[in-house]
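Input: structures, listed below.
Paired with subunit B in one complex and with subunit C in the other, subunit A is shared by the two complexes that follow.
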Partner chain A sequence: MTEAMDLDPHPRSSLPKTKKSLPLTTLTLPPSTFSYAHLTLLSPSTVQLDPLQLKSYLTSALSQFLGQTGTAIPIDILSVSSSSAWVRLPRPDLAAFSAAIAAFPGISSGRERIVLKVEAAGDYLGALISRSKDGDDIWGP
Partner chain B sequence: MLSFQQPAFYQSSKCFVTHGVMGHVDPKQPPSKGKPWTAFASQDFVYTADLILPQEVLEAVQGKLLRDEAVPEYKGVVMSLHDILTGDFFNSYIKQGNILMLSEGRRGIDNVFALKSGHLAMFLDKEAYERAGLVGKPHGVKGRRGLKPRWIVEIDLNSSSMVKGKKGYDRLIYASKNAFSEPMTWLFYNAASTVPDPDPLTAFSPTSRTATPSITPGINALVPNLTPPTATTEHAARDELEDFSSEVYEWLSLVRLQSLRILEGDNIDPYLSQYQVPDGSEPAKVCKISWRGFFSPSWTRQTMIDLITALPSKTWFSFSTTTFSKGLAGDNTECTFLRPPNSAGEYLMWEVKSHE
Partner chain C sequence: MVRLKDRYLLVNIIYTSPPPHSSSSPSPVSDLLLYNQPTTSDLRPQTILKDIRAEVSSLFGDCGSGAIDRSLQVKYLSPATSTFILRVSRAHFRLVWAALTFMHALRGRPCIFRVVRISGTMRKVEQEAIRRARLLVLAAKDELKGKSSSDALGVLLRSDSQQQRTLAIVGGQGDDDEEGLAED
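And then the complex of A and B:
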């Protein structure tokens, strides 16, 4: 009985042909495994970020704040441009990560000081990428 | 586990996934009922739109969507609220036309005004709200309601009582003169097909802007399997769809981010990133087209209809739109639509929403 009930009513070959739009399945995604964070250089500088430098910066920041536990947070570098970077990390670690970045005074590179800040963070990358920012040129003259 | 609290500030967004079938789209009778159309229509002011599609159909889209006259145009203008609510502008654009306007600022911090199809919404702090002397409702976070720090005032300007001499209108004018007298930067979009003659907007010397699409062709990406799974049992189908939609959403977002991780032959060290494209990915060329500006949801719908009619029915594509930020954390709502390959009517849709 239950097995018969469980059969998928919509195998692909016989998707209902409708004139109207028809939702077949709706679901709310469970809390995601990962969170995403957008980091930017705090001050304009001539320093160009690169993945290795970013990784070492994040490791220093996390180890200062949380010691060995902090360095164990697995961080995936998704994209690095000259002054900003996108990283992915496990969702439960996001609060610790943001706190560590905020509390870190930065590292020196030559004469310059590199300080990163968390520009935005959240669970859904798409909504973060194209959010509107302060001082956006869309409002400009 | 560290003794940190769950991230309350950052976790406000929810993602709703819909898997469904769409009826035939007739451009002469633009559809408006049911998903995905209602999801796109529920966005108020669209800020960005991203289109991802296989490289081989780029030309078909270019002919249809990227012609000069199809580029959406909006305006930037400096006006005070009083200028909007009086004179020719009020009569010809608000009482008769169909316009969208949004003032500069962040909801939740600044005083922001939004005007859509004659419906004015003012997002105010407590001081401005009390100075205005208009009737509104508390707005924003539910906690600490005793302080009621933010207020929202909503007024339907199209209502027949919104004319000179009526009490409600005169109070609004009084508020606009005394509480909101300073000029603000607005974005202006005329959703009606006609422009009044003479145009009352010219008195405020608007600057015209066009949201010219930026095209990133020839991305040598590893494209995952984009066909939603079909499992035999209802329960397994939900689980599979959950996994599938999370993975594909992440992949689509990485294409939009122009990340190198999804490229074919990306050989970053696992020490730096362990992201892996979903299993069963094949190398293919994709391209990305992005618009950024100030659009109405009707533009989104027209673009979707143009896309569906211009592309061969076997081609996959993904179209996403985001709104202007709505809250303190810069949250916005986002809709991503995916039509899988080789299935004309099927679609998958992600709606990311934050609570307001």
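And then the complex of A and C:
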């Protein structure tokens, strides 16, 4: 009887052990060359923003905070709407640029003051857009 | 204890034209004496500091001038040798170095500012200043005696490793005596 119990009706040879899952491929994202920033214009009256106005505001902000090396930062204006803008700049300069915009006292004409605000800044444009109000419909309803 | 680290810059002022009110001596001055001519003795450290601060503010804006302002000081100024020692904070000494490179005039006279030594301690910079002053005096003496001085200018423009060999040839032994740098 003990033999019968010892016998296994379905003797199983050693099962092949499941291998640990191996990665099929690996990819390391290199640091991106450019960074992107979403700027908003804050002004009491309705002041329309256009690319030249934006460029002059940025130049004024950068030259005040960072001098001539600040104005030498190559900034590409990607898109400008009436009150906001998207710009692209080299990645190492993003910190200095954000600080310059934050420290910018603005352009004051009379008693009104026009100020720029950095809504979002980062390395990947898709992530920034989808976070903003404009990008609600990018990733689906 | 937090250590505040600084860098000490040894800077030469190099002029390219004879002094404006020099005596009317039409004889051409050698290049060595022309470039290293002394500055008028009414040059004050505050003038240099003001110029440097203005240049840093122009090049690097508010951020730059705030970064260097903490410990920017002229530690030693010698109008006779047109040399001064500048102290800057270690993290931002390149801003001041760049500003010195861009400065092209001192009180109206065109000149260039040449940084010849950077060190973390004042003592090494002093030793270098003494060594260069000694080389300059010896080379100037050779010039005035009319010896072939094709190498005199090179002596002062060459880098350190070659200068050590030249120092032995010219006759200086080493820094056995600490000459005081207080000239004023």
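Some notes on this structure:
What we mean here is this: the second predicted complex is superposed on the first by the 97 of 141 C-alpha atoms of A that agree within 3 Å, B and C clash if a C-alpha of one lies under 4 Å from a C-alpha of the other, contacts with A are read in each partner's own complex, and residues count from 1 in each chain.
FYI, a contact is a pair of C-beta atoms (placed from the backbone, for glycine too) under 8 Å apart; a residue touches a chain by one contact, two chains touch by 3 or more.
Every value quoted in this text rests on a predicted model; they were computed, and no experiment measured them.
After overlaying the two complexes on the shared chain, residue contacts for A:Gly122 are found with subunit B alone; subunit C is out of touch. Look at A:Thr69: by the touch rule set out above, it reaches both subunit B and subunit C. In the superposed model, A:Pro23 lies in contact with subunit B only, and not with subunit C. Applying the stated contact rule after C-alpha superposition, one finds that A:Ala103 touches subunit C and leaves subunit B untouched. When subunit A is checked against subunit B and against subunit C, the one touching more of its residues turns out to be B. In the superposition on chain A, the residues of subunit A contacting both subunit B and subunit C are 66, 69, 96, 99. Those residues of subunit C whose C-beta lies close enough to touch subunit A in the complex are 56-64. Of all residues in subunit A, those touching subunit C in their complex are 62-70, 96, 99-100, 103. The residues of subunit B lying in touch with subunit A in their complex are 1-2, 4-7, 10-11, 13-24, 31, 33-37, 47-48, 50, 76, 104, 106, 185, 187, 207, 209, 230-235, 237-238, 241-242, 245-246, 249-250, 252-254, 256-261, 268, 271-275, 292-294, 320, 322, 324-325, 329-334, 336, 343, 345-346, 350, 352. Across the interface of their complex, subunit B is touched by residues 5-8, 10-12, 15-35, 51-52, 55, 66, 69, 74, 76-79, 86, 88, 91-96, 98-99, 120-127, 129-134, 138-141 of subunit A.
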